[in-house]
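Look for chain A in each of the two complexes below; its partner is chain B in the first and chain C in the second.
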Partner chain A sequence: MSDNLYAQLISLTAGTLLLTAALIVWRRSLRASVRLLAIQGIALAGLVAVLGWHERTIELVLVSLLVLGLKAVLLPLVLSRNVLNHDDDREVPRLNPTASLIFAALLTMLAYIVCRPWMGDTDDPTSRAVPIGIALVLIGFLLLITRRRAASQLIGFLVLDNGIATVAFLTATGVPLIVELGASLDVLLVVLILQVLTGRMQVKFGGTDLDDLTELKD
Partner chain B sequence: MSTRTRPDHRSIAFGDWTMNPVEAALTAELLLAALACAVAAVAPASMRRYLAGIATIAMAASGIVAGGLALSGHSGRLSAPTALPTVNLTLAPDRLGGLFIVIASAVTLLAALYAIGYVHGAADSRSAWLAFILFTFGLQMVPAAGDIITFLLAWELMALGSGVLVLTDHRTRPQARSAALWYAVMTQLSFLLILAGFAALASVAGATTFDALVTVSPTSTTGALAFTLLILGFATKAGLVPLHIWLPRAHPEAPSHASAVMSAAMVKMGVYGTLLVVLRFMPGGPAWWGIVLLSLGGISAVYGILQASVTSDVKRLLAYSTTENIGLIFLAIGASVLLASYQLTAASQAALLAALLLAISHAAFKCSLFLGAGAIVAATGERNLDRLGGLGVRMPWTAAAFGVAALGAAALPVTSGFVAEWTLFQSFIHGATRDAISVAVALPVAVAVVALTAGLALVTFVKLYGIGFLARPRSQGADDAHEVSHPMRWAALIGSGAVIALGVFPGPVAQVLASAVGIGDVATIGLGGLSLPSLGVLLDPMALAITALVCALPVVVVSALSARRHPRRATELPWGCGGARVSPRMQYTATSYAEPLMRVFDDTLRPEQDVVVTHATESRYLVAQVRYRQKLSDVIEVRGYRPLLEFVDRLGVVSRRLQNGSVHRYLTFSFVALIVVLIVVSL
Partner chain C sequence: MNWTATAVALLQVLVATLVAPLVIGITRQTRARLEGRVGAGILQPWRDLRKLLRKETLQANGVSWISSIGPIVVMASSLLVAALLPLISTVALPFVPDDLFVVVSVLLIGTVAVALIGLDVGSAFGGMGSSRHMMIAALVEPTVLVAVYALSIPAGSSLLSSIVATRLDAPAVILSPVSLLAVVALFVAVLAETGRLPVDNPSTHLELTMVHEAMILESSGRDLAWLELGSWLRLSALLGLVANLMIPWGLATDATVLALVVGTIALLLKLTVFAAALGAGEVFLAKLRLFRVPELLAGSFVLAFLAVTASYLVT
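Up next, the complex of A and B:
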């Protein structure tokens, strides 16, 4: 693969990651958010695959398949089952979408500023994409604090996790299969547990608004 | 546990191990402490106090041997590896440490002997005995420690054990809980300050052994910081004003054998720590160190004895008196540092010697006094002096022990207290110089402070003994009192014997003390008298006592002869004109005795007084009832601690708004923190 194509592909996948994150911030529909999350998973898997192809390591390609299976298929499936269970899939965020988008833009700028000493004036496409990973982490965090529904919290958490994975892949040019396997299992477990908790919330309170959970106990 | 071998021809060999005497004695103490714990844990309840008491006595005896060996100049080092690499737990007492091990062990021994006859109920429980053994063991290990980690571990063991002991009677006395809380908070504060101070020292020295810490310069910023933190920490443990607040609460609540150890030995560890700082880690400190110690000590001495003089609770009075005595010790240490910084070596050494004499003298008489107070409480069920009286004839042995110890506390001649204060005065008088303005101002003020303290101490202990043991009993409990069991009276008597022995033969004692801190210029003179050649002063109490006896002999003989010639006539007043005392309530009480003092020091003590007059219903010119109530509280607590605690309370209420249970708010906190960190990093 030529260096030019490699750079183009990295930029494309990283750009897709950022774009999907921004769209998740914008959309109110949970179903749409889950679909966007699946696209983000595909983009992440694509990024890993490009890296693996460029480095000529079969292990990274395997990791990319794992990422694809987990983040593009399995987790969105689990999430959409939760969403499809109830008819109401509208999120009422604590911050309106316009303000959220402005915040997301500011956070992306912050990510670029933070990474400036790292990037320097290198032309290495992987280093240039690192800020996108940081921006994903920050946007995921933003989703966590502005969304009310438990399912949206899960989506925010997964965006955050995608960001961490992106930074890990880009800075270390791929992580060993065993590490990625462990991290994936962790994420899967967290999502499953939260899924169960969300179900319990639904049964107990008849809704999944986190604002209902403010009673403090000693 | 591994033992480093060292070439010592008196070493004892165990197979491959060789131990010198100090190491053998310390090992024996560790084993005996473990044995004592095991005995206290498994002994049947009926035998527990005998078995555990004897095991504790054995542990204390081995402590006396170990401390005595270290004091006489033997060195030894026991060390055990820990989970952390390069960090070993080390026991390596030097001479000064040896002296304090002896003090702690001797007090423990008397308290354990006393406990055999004293403990019952909650104080005889398994947990109380375990706490007592661990507490006294920690107490003996603090001066034996050779590095920071061991020191702090032993310190914490001591604090935890004594904390449990303060809680012993929590079922029957609710105030024990609040006392234990105060104690726990203050003792943890002390621990944190000491930890921070040691951390400052270790950060410069680069190691945690005591031998390595000497590299820190006392005039450096770190030296000043470490001094401030450590002295504050040790002053908290020593109960100095304004950090004394736990002392008058915790001492009275603990069982008497425990309060004896706490007061006579545990607060001494604050003194030991201070001596470590100014003598071992950073010798030759600047003059302001001396001024700080001098002021802390002076204020504590006057405030402590003033509170003691007006309080009526026997154990509370003794606790405040502890603040006074420790204040005097700090005053002496401060004077020593101040004088040394102006090269007035002879006077400085005399002040240091006075500090050590005060320390052992206080250990002896305060131990005896607390044990005596425990005997009073056990025999009468009363702690309020206003309800005691007439115990002299009912409890003659306790009265004798208590009386002698009270003489020591009032620093009267032929007791140890007198020798100590005499030495302190000699140092102040001979240290006066016009060359250094701070010395020229500080020493005369210190003389005045010590004189005022001595006067008030005399009033306090006359009151304590006079109201408690003389006159007629003021309550049924005091009337029914009986002499306490043999172990209890012997423990108190041995303590009082030590007060007299130290007072009559100060020379040899002072020589031993001087050797502990490397002072050479002390000699024994005459019949065990004390001589300080470099100051040109000497004191021979034995000779004075004999002279006084010889002078008194003719008077005694003449009065005995005249008494035989004129037999005593019994006088019965048919009508006493109000002079005959019909009720014990018409006697002087502790409160009325202290009333003039209360008037004189009204501004400092701030007593709350209420007079409620109820008029008769027929006419408001007739009085049906007058009720007078007086309440004394610690001014520093009311003016200093209460507002502080209220402020913290309000802060707590305000900060509750941070925590409203919303997940989003908590997430926002961490998000904002992350953003701030990122912005700061990228700037």
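Up next, the complex of A and C:
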């Protein structure tokens, strides 16, 4: 693969990651957020596949398939089952979307500024895309803080996880298959447990707004 | 060179003016067909214009001179925009720079003129429409500036013709995330600026939600014809700009006759495709509540802002 095409593909997939994160902040509907999360998973898998193709390592390609299966198919499926169970899929965030979008833009800028001394004047496309991974981590935190519903906090957590994975793949040009397998299983397990918990909350209290759960009830 | 550039600009204005009603016709016809209606045909906007131009202009009692010259100002600003934007060729006018700031300010002249017409009549609808229109304009302006600024970084110049020429020379720039983000942001801004869905519904009358229609409610006859043609021309010119930013091929880079013919045909094809896509897209959209409009425009502003951030801090 020519260097030019490689740089193009890296920046295209990284750009898609950032764009989907911004759109998740924008949209209030949980269904749309889950769909965007799936697109983000596809972009992350694409990023890993491009890296693997460039480095000519079969292991990374396997990892990209794992990422594709988990983050683009399995997790969105688990999440959307929960969302589809009840009709009301509107999120009422603590911060209105306009303000959170501007926050997201500022966080992205912060990520670029933080990465600057460490990136230096490098022309390497992978290290130029690292700030996007850090921006995803920060945007994931923003979602965790500003969202009220349990399911959309879960989406924030997954954006955060995607950000960590992006940074890991870009800086270390991939992690060993066994480590990635472990981390993926961890995430899957966390999501499943939280999903069960959300379902129980739904049954017991009739809603998953975490603000209503500040008092102990008998 | 001076005369050829002027001739090219005149050709652009002529083609854009002739095509603008057809662009509207294609959007309406596509929409009608997709909704299962027969539609009035793509020539209907031309027939409407001809009818309006024959009619006498009636003005409300007590209107000032603004209502008389307003439609002419709107039309003139749209014509100037059509002359300045690189629609058929990248040959730029020598005496007016096709700089991004010039284009935005010329657009703003038209916007303000329409808003003044709405206020001048003194009806409740007109004032409401004008205030909404100015709110949207104020929110759109930063997005347009920041988006075109992001596009201008690879070209190293804020002249629209050289931005498009750079994209023609190096098509790899088009698919870079910076330019994708900026073009999407610009497209949302263009939709808001020209009063299309989801910001304003161009096909409704006498609803509390209308913006553009509310301002021109009291205009009639020739004035209405100029106002309509001006806003259609503005939509076609801006759609042509977005089309040329996304698909710059076919654009004439010099003023030879062959290149200009190819450029004109390419423009017609691009506008047909974009107008049909716009009409098809509008079928799936509902108008946003007015209070949700700032959200949409803040979203597009953030996309443009991210484009600038990414292109600046990375390189």
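Assume the second predicted complex is superposed on the first by the 215 of 218 C-alpha atoms of A that agree within 3 Å, B and C clash if a C-alpha of one lies under 4 Å from a C-alpha of the other, contacts with A are read in each partner's own complex, and residues count from 1 in each chain.
One rule holds in what follows: contacts are C-beta pairs under 8 Å (C-beta built on N, C-alpha and C of every residue); 3 or more make two chains touch, one makes a residue touch a chain.
The structure presented is a predicted model; accordingly, all values stated were derived computationally and were not measured.
In the model built by aligning both structures on chain A, chain B fits alongside chain C without clashing. When chain B and chain C are set side by side, the one touching more residues of chain A is C. Of the two partner chains placed by superposition, only chain C is touched by A:M109; chain B is not. Once chain A of one complex is fitted onto chain A of the other, the partner contacts of A:L142 are limited to chain B, with no touch recorded for chain C. In the superposed pair of complexes, A:R94 makes contact with chain B only, with no contact to chain C. In the overlay built on the shared chain, the residue A:K204 is in contact with neither chain B nor chain C.
Once chain A of one complex is fitted onto chain A of the other, the partner contacts of A:T16 are limited to chain C, with no touch recorded for chain B.
The gap separating chain B from chain C at its narrowest, counted between C-alpha atoms of the superposed chains, is 14 angstrom. Shared contact residues of chain A, touching chain B in one structure and chain C in the other: 113, 116. Interface residues of chain A, counted against chain C in their complex, comprise 4, 8, 11-12, 14-16, 18-19, 22, 26, 96-98, 101-102, 104-105, 108-109, 112-113, 116, 128, 131. Chain C meets chain A in the complex at residues 172, 175-178, 180-181, 294-295, 298-299, 302-303, 305-306, 309-310, 313-314.
Chain contact summary for the complex, chain B toward chain A: residues 659-664, 667-668, 671, 674-675, 678-679, 681-682.
Residues of chain A that touch chain B in their complex: 94, 107, 110, 113-114, 116-117, 138, 141-142, 144-146, 148, 210-211, 213-216.
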